[in-house]
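Labels run A, B, C, D and E following the written order; every chain starts at residue 1.
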Amino acid sequence: MSGLVVNDLHVFHGAIRAVDGLSFSVETGQLAAIIGANGAGKTTLLRALTGLKSVQSGSATWNGESMLRQKPENLVRQGIVHVSDGKSVIPELSVKENLALGGLWRRDKKDVAIVTKEVLDLFPRLGERMSQSADTLSGGERQMLAIGRSLISRPSLLLLDEPSLGLAPLVIEQIFQAIKSLQARLNLTVVLVEQNAMGALRIADIGVIVNLGRLVTVGPSQELINNPALRAAYLGY
Amino acid sequence: MLKRKPTTQVQIDMDKNIARRKIIGAAFFIFLGIALYVASNIVDELRVYQGATVAVYVVAISSIILLTGYSGQISLGHGALMAVGAYAAVLSRNYWNFPIPLTFAVAVLAAALFGALLGMAAGRLSGPYLAGTTLALAVGLPSLANQFKILGGEEGLTYDVGFPPLALGQDFTQYKWFFWIAALAALAATWVIFNVLGSRYGRQWRALRSNPTAAALLGVHVARSKVLAFTISSGVAGLAGALMSMTISLVTPSAFPLSLSFAIVTGAVLAGVTLLTGSIVGAVVLVAIPEVTAALATHLGGSEKVTSNLPGLMMSALLILSVLFFPNGPQLHRRKTRKS
Amino acid sequence: MSRIINTLLIGISGGSIYSLMSLALVLVWRSTRVVNFAQAGQAILSTYIGYVVVTHTDNYWLAFPVALLSGALIGALVDIFLIRILARRANSGPVAAIAPVIATLGLLGLIRAIVGMIWGGDLRRFKLPVTNHGFTFGHTTIPFAPINLLIVVTTVIVMLIFSVIFQRTNLGLALRASAFSPEIARLAGVRVDLTRTIGWAFAGAAGAIAGVLVTPTNYLSPNSLDLLLVSGFVAAVIGGLESLIGAALGGLVLGISLAFVLEYISSSLAFPVAFVVLMAVLLIKPAGLFGGKRVRSA
Amino acid sequence: MDNRSTLLSIDSLSVSFGGLKALANVSLDLHAGEVVGLIGPNGAGKTTFFNALSGLVSVASGSLRLYDQDQKWPQPHDLVDLGIARTLQGVGLFPDLTVLENVMLGATKFSEGGLIRAALGLEGRTERKLQTLAMNALERVYAAGIAHQRVDSLPYPVTKRVAIARALVSEPKILLLDEPAGGLGIQDIDWMNGLIRNLAQNCAILLVEHHMDVVMSVCHRLYVLNFGEVIASGDAKSVRENPDVVAAYLGTQAVH
Amino acid sequence: QAFSVHAETGVTATQIKLGITIPLTGSAAPGYSKIPSAMQAYFNYVNDNGGVYGRKISLVVKDDAYLPTLAVAKTNELILKDKVFAVVGALGTANNKAVAKSVNLGRRGIPDLFVNTGYSGFADAKKYPTTFSLFPSYIMEAKIMGQYIKENFAGKKLGLIYQDDDFGTDALVGFKQAGVKFDVSVPYASGSQSAQSAQGWIGKLKAAGAEVVVMFGVTTASGAALATAAAMAYKAQWILGSVGGDATTLKAVGVPAYVLTGAMGASFLPAPTDTTDEYVKFFQGINTKYNGDAVFDNNVLVAMNTAMMAVQALRAGGKNLTHASVMSGLENSGSSFASASLSPINYASGVHVGYSGYWFGTYNSAGELKPNGGAYSVYTTDSGAGAIVKSTFKRPALPANGLPTN
């Protein structure tokens, strides 16, 4: 089975069942938005998928191969790249070094150069800040840097945790557009965790709504947007 | 989602909390005092002497708990501050013939003053920079004693608290006297520290430890508050220094080596750094382990090379294992519950 | 005039030894954010291993690489069996700040005890690689000998190598990233465990070099590098812990100031002077001569 | 010109970091009873503006008037006494303290007695007073029930409210809120809206926020920063329609 | 005097328990850590030959890492837990001072025999009623050395390196009493000695043009000084104090033989390498048989000599061994004990300092200290203003088989 398949996944934080039997799948090339209130277990899900958090039971496969019980750095080499929430840059390093980090392990240095340039075109702000250390960046600039770095790893599956957090509306729009166009251009599979439900669903192919660690519903995003019950309960419009 | 209690109910809970804390605290110290009194009468002289040493370490470890566990500053130089206290005490005794309790007060004040100066100078330092400065202090200060005749050089100055008062009876030994003095001082010191840590000062230290910026924005004068912690901690260390010198009746630079500074930090870690009551555990371990490991080494036998190094080996191994497996000290359960 | 120059030379040759030790400490700091008090212990163990080679082969130049490699190996083992576990278990709260201090102090004691068990406490002598007889110009012999030259040159070479590695190579970037933020480094594909172990191995090698260079002019015993650890640490803090140049310079600043104070003020003030020099530097620059910039606070 | 009393008035504030001009000649007024929004793209200098006002970065030039008096740029720890309270971007609570302790810290300026009293355990009265104040503040953000929980055990939206309570407890005349709704879900954002409006009855608020629905529904006036300069100011509607603001910040199709 | 019926603590019908605190680990351990096993070696020899009136001697050894706090703690263990009969050979000035006061051996009446320090304060038998020093004080050593310098190196430029603590400052007192002024003196902080710091010392001596240099420091310091002097091509007549003059250790810390050759040293014992000396020869035999053939250096010699003194003290205490009997035995007959020392023993009623004299020698190319003038000539004095006199003392011969018969 190609794509991302999550089956009956359970992840605990101590006694808290942060992810409680979640199943869904995302086909290759699709953009899935994962929506849910604070504490729904979205972050935990992503951390479990990329080896940052150990899982209790269940399975998760990418293109048929299990992703679980692997180190994050090995998953990166398989094209599975996770941009964690909020602070996914190393403040002590310069912008340039943060970007370089994403391509350190790659052999194809030419492509690293190409994709770095693409990233700088996408986020010109970063280009102006190349030699500044990342701790001087504003919140939004940091988020751009984190996404930029992940792209340099040439992901095939990109997991983004709240990329819009703390960003200006215009930038959110730009980032969402960027994600959308990257997905299309690179045939990227994207799992996008978002509080900004409407924005995310608008660009997503499918939506996964979770609550208290369980699946509420999964379906084509347009359907979810149009479903009045869901709108009221989860999307707030 | 959030249950609300009526204000009055909450208010009553709070009053109860404060009162309970006070009562438990007072009861604890009274109970401890009684227990110590009883203990000093039934155990043999060696244990009484060791009890005095434990009391000394309790005081020293408490000073580190206040400094590191609360205000988040590291000191590898508390041995030197103990030396300051000890020398101040002995000088006040030898030159002005101060009564014993007053010499302890002098020790506290002198060490606190020294700590304040150091804290002001080092106030802007953090982490390894502070560790480095205090380490250099620990190495540099005691050897200064050789430069001043009045400090008695390597040979040191005799610190004599005198024999126990006759009123205490014939078989009241010198060590019991040391123990009483040290235990009483330790009780007083820990009680004061307990109060300070429970007050807004303790709260401010805990706050600035994890987020100095946020603390400053709430009106905490971060630098001053850190210096205050350093000062109090130094004063307490000074008391420990005077007490330690009392138990060996001598103030000499070699009694305050770097290893002493390390030992009390170790004791604080064994105590769980943030746990004042743990200081007793830390102190007992510091006193007991050398004896236990030495006995074990003798028991295991082997060539002298081996037996003489075995206690060191076991002590170090124990230390490593304890930070690896009980980094938060000896408490059985830790509040780490996250409620949803 | 010649007095000043002699004092300077004494300072430089003493200081370069401190620089090497300080370098080892900085390497560990930069790759794991740990101040390694066991560095002197690791160095002493490697030096004893070198000593065994020297006594069996009578060849210093064979002992040197052996000590260096065993230093690297010891460093790697320490990371794998101690620091990794520590990073997993004591990683939050106030204890996180001092747990590494305690663990490495414990390790120092452990290694010393092991060394004492194997080799005993006797003082031992390490063969000199080159003479310690000062260079002679005409009738004057200066206090700077081929051995001092060897130490200075080795320090410079070691420093250059590591500077290049840290500043110019991918490994250097990976090392820094892993030190500052292991999780994010992992997510960027850096093999963090391996990288940090390499950092420890580098530091172990640097410490071993310091050990085998300083011991021939002194003697070897389980405690013979203690003094060096303290001065190395002071030098590293003076240098700001972050930069290798800082480490080297810190060592020289300490060595030269010590030499001048001991020469012109009093020769028994060695320890207080170290403290005063350190305080002086830190009062002017709280993060050392080459310390990091202040991190944004809100 | 507004005829209500001016609490805070900043004139041509400039801040630079090395070569970077983070704020250039920014002037801003805050009147009693007002909620003023400070918006702008990421990196525009909003947090830096707060930082300058609270003494966390040094000011290159510019003057400050508080309550109609000239005032030196304050140090961070002076802020509370000047009647200014601030929340930090993110959360900025002390994670290993309880909620109550966090909030009590904000009330420290009401404590009496010094170290000696504290050392002798005679602080009971002051402690009780601080606790009462803290509980009242928690009530105002509907978080009294969790007073004795450790902060790191709380769900994110609740920590946001605690952060506000901690700022409130010092009874500020001016409240600086840095992205109070950041990271919140839809329901909590609505809730936060209400809370801010509620708070505005007691103090003037300066608000940095990217959620336009919050900004538009609670702010009386807005200042828009871009590259450290004020590019527009005025009421919500006029700002929203200002083409410069749309181009620099809002974007053509408002996401919210 | 009535016979006590029950035996003293630490004494049974078959055993006498003695205790010692000494650094076995830490920076002071090298050298000193050899002492306990060497003592035990001699005790074992005596034990194999009938012990002391049928009682075998056992030595409980405690590591104090050279710290006064530990010395007190460990001595307490010796006395209160191991219940030793006496402490013998405990090392270090500060340690012994702390122990004497805090453990209060005097008040407990426990003999503190042959403390291993040159601290002059222990001469006060009223203050330290149970403490017996064996070695001459550092003041005596310096006084005698000063006298020697005045006699042999008059008019030369004099230099001094000394450890800047009691050890060295005691020496300053002694030199002053002897009326010797140094043209240049270089103090060093204990623990700071190394090849690096020695460059500074030698630089100063060289600049001042000192022709005769007295080294009053520990062995690692004199080693560093000698080696560095050679490296910096500085030639002077060196005179090493007894503490820093052990040739075997000097060799171990890297002093080449040619550097030591020609230097002078002061000692009260014969050179440990002098196999013509009957005591040295006998102790070397014990060392081979009972001490695993450890390197026979000054420390081993000192240890075995101390052990032999201890056996005699115990014998002097009589069959009915008590604390008091040992101490009065020492006071009454201690001065006639057999000992390797070339200095007379001064024990008498109220006099608790043993040796009082030194002889001077020159190191030959084999590192042996050979007496100047071919024969031992010993000078004696006291720690005060007493005169320095040439001794006429004749050392008692080694008892048959090295087993005391006093």
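Keep this in mind: contacts are C-beta pairs under 8 Å (C-beta built on N, C-alpha and C of every residue); 3 or more make two chains touch, one makes a residue touch a chain.
Small disclaimer: the values here were computed from a predicted structure and weren't measured.
Visitor: With chain centres defined as mean CA positions, report which chain is farthest from subunit A.
Guide: The chain lying farthest from subunit A is E.
Visitor: Look at the interfaces B-C and B-E and say which one is made up of more C-beta pairs in contact.
Guide: B-C
Visitor: Determine the centre-to-centre distance between subunit D and subunit E, using the mean Cα coordinates as centres, and give it in whole Å.
Guide: The mean C-alpha positions of subunit D and subunit E differ by 75 Å.
Visitor: If you average the Cα atoms of subunit B and of subunit D to get two centres, how far apart are those centres in Å?
Guide: The computed centroid separation for subunit B versus subunit D comes out at 41 Å.
Visitor: For subunit A versus subunit C, what separation do you get between their C-alpha means, in angstrom?
Guide: About 43 Å separates the centre of subunit A from that of subunit C.
Visitor: Considering subunit B alone, which of its residues make contact with at least two other chains?
Guide: In subunit B, 143, 146-147, 213, 217, 308-309, 312, 337-338, 340 touch at least two other chains.
Visitor: Residues touching two or more other chains, restricted to subunit D: which are they?
Guide: 47, 54, 56, 88-89, 92, 96, 155
Visitor: In subunit C, what residues contact two or more other chains?
Guide: 93, 112-113, 116, 120-121, 266, 268-271, 297-298
Visitor: What part of subunit A is in contact with subunit C in the complex they form?
Guide: By the definition above, subunit A touches subunit C via 50, 52, 71-73, 76-77, 81-84, 87-93, 97, 100-102, 104-106, 133, 135-136, 149-150, 153.
Visitor: What residues on subunit C touch subunit E, complex-wise?
Guide: 3, 6-7, 10, 13-14, 17, 112-113, 116, 120-126, 131-134, 136, 141, 143, 145, 216-219, 221-223, 226-227, 255, 259, 262-263, 266-271
Visitor: Going by the contact rule at the top, pick out the subunit E residues touching subunit C in the complex.
Guide: Interface residues on the subunit E side: 24-27, 29-31, 33-34, 164, 186-189, 191-192, 194-197, 199-204, 207, 220, 223-224, 227-228, 230-234, 249, 251-254, 295.
Visitor: Mind listing the subunit D positions that touch subunit A in their complex?
Guide: Going through subunit D, the ones touching subunit A are 17, 20, 39-44, 47, 89-90, 155-157, 179, 182-190, 210, 212, 248-251, 253-256.
Visitor: Provide the residue numbers of subunit C that touch subunit B in the complex, in ascending order.
Guide: For this pair, the touching residues of subunit C are 29, 35, 82, 85-86, 89-90, 93-99, 101-103, 105-110, 112-114, 116-118, 120-121, 230, 233-234, 236-237, 241, 266, 268-276, 278-279, 282-283, 286-288, 291, 297-298.
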